[in-house]
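Naming follows writing order (A, B and C), and every chain is counted from residue 1.
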């Protein structure tokens, strides 16, 4: 009897202590976001605080991003009057969520459009509409309505959008042409079978079964969906307009054909590096540079790494490597198709606990977006870092290299000029009037609709979702189901059993929110 | 008579020990805050979603709706069921394969009469236990690396492996259980010997003398003296180990997990972790429900194990 | 007379064939197992001293200190080492202190509420809130991303408490009684009488707590979501292994190639502190826990 009483008393004591501690804690916790906090408009712009800004992971060490080491940081400070501490987001999937849960001390963060959608649907962001009215005169003029629409949710603006530098075809297969020619093939493949044939020839030339460290094609584990190959099957960007409605690429029946083809390549020894299952893009690049692979999935921007490769018989980089413009199905003719990036790529947002100083963030960004400031920050001083010739911007090396990481610091973009400035960057490897190997790689991949190039038999496809606003049903499931799809593609290419595995993965995507998301997306798409 | 009763009353005892009772406070307060309050926190399993990106924990808790969905979801979730299956399989394998080995080695070690050799062997065998799991798995990942690891190199040179298709020991679902047992054995077998060594050393040496005089050889001595003498210890430890069936070894498995082996490697613990900390959109409430389910089953098993141990051998964990 | 005869007989018993087989089997198996324990460590040791890209079995290939230089040059390793040292020292000290304080009263058989209090502690061994509630609690306390979260939540280790309590119970009461007659406070009795007498068990418990803290990466996984600067060594190695925290390594192609060697060097450096206290552990441990384990 006594025991029961004691037990009872201690339980009551415990619960009352808990209730008390809950009271205490809720008293000292901040009240959260939700109800859309707005920027405090009553601030004195002359009294500038230090800002803490976070941006996406660059793979570089944090030491790169300070005042001493980086001219962009310095210039920004001098031009705007704000001293800024820059931080990188970790590369793990949950990093963003954890920062928000932890209320990391930051004034603003630059996130991808997908991350933006997820955050805004959760109510974690500050409503910037009024703040932009008051503190953002420049950005209202240099950022297009389409971009503002993409970051508007329930009629209010929640971030400052940044668009892609140019509607580029970014990724394709790069070939080591020295190897290719040595294997007896003088030109890049144009069909899938020619690709297979080329890979086989490369493998045989490098010793075939005798050489166990060489594989013809290598790529990292996040690159199993290879754009030019997929495009040759008629697959689209992530979303594709099929009879007026948007369909997710994984749902397209052609997906099965792509997986079959890739698996058949993988099953033939030596054509594809088995390590694609686990290795990083850096590992793949390392093999390509070492000569242990001759074809790699890369973006034109990665081509800078190619310079590290040893070379024979070709001192000109253009002769050493080439970008594949595209592939066709057998017997098909006409132009190649590849996928362009387009629309809003990044959004700079203010987390709910930083609402009070949101006005300063808007002011800071606004100052950076004016044409002159924007030019200084992106391509530096005329005559020092760049020159203006023939209505085009050309870099002055080696000074221009100081600005290598400038795009990390960009928050919002001056859409009127960004593309032009960006071309200076693209010409980094050249000397007027030659654009340089980087420019040539890029140009060989681009569709002829781009005003810079012509004669390329390439058609570019832009993602129809590029101008989509936040769609809640999509935003709340997107990243999770898309990671699952990516994992499935990789696993199916590696292990085969395509029909069954593909069906399983597809059903899973649908059940986990894919169907609901598609429906919601199409509600927007058909009514826009 | 009255005086006697008074002496034993609680009030009197409190008064007697009033100066030492406060000594208990730090430990009790810490235990209350860090063990009991989280138990009360399990209540979030009954909420639908904790939106921690926009709210503090209490607000998120208050904003969310009460629901039993997390529990109904448990039995429909293939991922969860897979995690349960993996937990049981891994734990079972560990018991069947790794439980007997320390007994076996303990017997051998106690037969090493030379003090120096004995101490040396023990020192070597206990060492892996003191390495952290990341280090142990890191070591094995290097040794078993598909392209540059020692194991594959030796196998290729011996002709047992095709160098064009090296085995990805840590990324192959077929090899996962083997690697899991290998690394767990590496870290724990030596250490687990200790209890058995202690038990064996407690056996009366006269019995061995008598057996030797009677002409028994070492094998017979082990079979008829050593093993029977420690059977009760073995039984006790086995029952307790089974009681902890739900503990498949989070720290080890988590260090070995990757997308390729996840379907056989994900245990309940790592599943909970992934839902909460490795997701782009964490599902805290469901993760808590999974954890609660796991905790209750584990508790039942442990209590049952302890009760059984007491019934059979008279001794339990407490 | 009889005894002498027995001894003579004893020494005359020759090892039979079965016994020789036993001896051989015993040594083969023990040596194999000992090699199994040691060889992987040797492999990693050699790997750390080898040139990148070579395949290493037991000896370094192209001996070089490159990997070690990379580890030592970067700050991350030493930062993690410092965190682990802090956590291990502070955590062990606090934990043992708190547990000693609690074990002393609990060792008194007539302590009021003794059983409920014991149950109070024992329950924490059987059931816990789990990952998410603990995370929420630490978040609410504002301890996320600190080094304190690495040891404070786990200070009360009930198993150690039981060991200490049992040991105290086994000490003679007379010492305590005479000290109390002399007017000593409980605190002084604990520190000046009981503690010196309990050195073996306290040393054992301390060493085990220290090793537990040193090797723990689980706490970091949950309580340190966003600040790599505060990672303990075990977590640092885990990240290295899974390829997560390699930003400073990825940028240099030479370092990428040597990633495994750098990993190996980090592991070797991390093992050294453990090896240094290992003899101490062996010494106290064979006295301390064997007794406790057999008793329990």
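Definition applied: a residue touches a chain if its C-beta (ideal position, glycine included) is under 8 Å from a C-beta of that chain, and two chains touch if they have at least 3 such contacts.
Remember, predicted model here, so these are calculated numbers, not experimental data.
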Report the topology of the inter-chain touch graph, choosing from line, ring, star, complete and other. complete
Could you quickly compare B-C and A-B and let me know which has more C-beta contacts? B-C
Separation of chain A from chain C, taking each centre as the mean of its C-alpha atoms, in whole Å: 43
So, what's the distance in Å between the C-alpha centres of chain C and chain B? 15
Could you work out how far the Cα centre of chain A sits from that of chain B, in whole Å? 42
If I count partner chains per residue in chain A, which residues reach a count of at least 2? 25, 29, 92, 94, 98, 101
Residues of chain C whose C-beta touches two or more other chains: 113, 120, 139-140, 225
Mind pulling the chain B residues that touch 2 or more other chains? 36-37, 40, 52, 56-58, 147, 277
Please name which positions on chain A make contact with chain B in the complex. 14-15, 17-18, 21-22, 25-26, 29-34, 92-94, 96-98, 100-101, 118-119, 122-124, 209, 212-213, 269-270, 274-275, 277-278, 352, 476-477, 479-480, 483, 487, 490-491
Residue numbers of chain C touching chain A in their complex, please. 113, 115-116, 120, 139-140, 144-145, 225-226, 228, 243-245, 247-248, 250-251, 253, 256-257
Looking at the complex, which residues from chain B come into contact with chain C? 10, 13-14, 17, 19-21, 23-24, 26-28, 30-31, 33-42, 44, 52, 56-58, 105, 108-109, 111-112, 119, 121-128, 130-135, 137-143, 145, 147-150, 153-154, 186, 189-190, 194-195, 197-199, 202, 209, 212-213, 217-220, 250-251, 254-255, 269, 272-273, 276-277, 284, 287-288, 291-292, 294-295, 298-299, 302-303, 315, 317-318
How about chain C: which of its residues touch chain B in the complex? 6, 9-10, 13, 16, 18-19, 21-23, 26, 29-30, 33-34, 36-38, 40-41, 43-44, 47, 53-58, 98-99, 101-102, 104-106, 108, 110-113, 117, 120-124, 126-137, 139-140, 152-156, 158, 161, 185-186, 190, 211, 214-218, 221-222, 225, 234-235, 237-238, 240-242, 260, 263-264, 267, 270-271, 274, 278, 281-282, 289-290, 293-294, 296
Chain A partner contacts - residues on chain B that touch it in the complex: 32, 36-37, 40, 51-60, 63, 146-147, 163-165, 168, 171, 258-260, 277-282
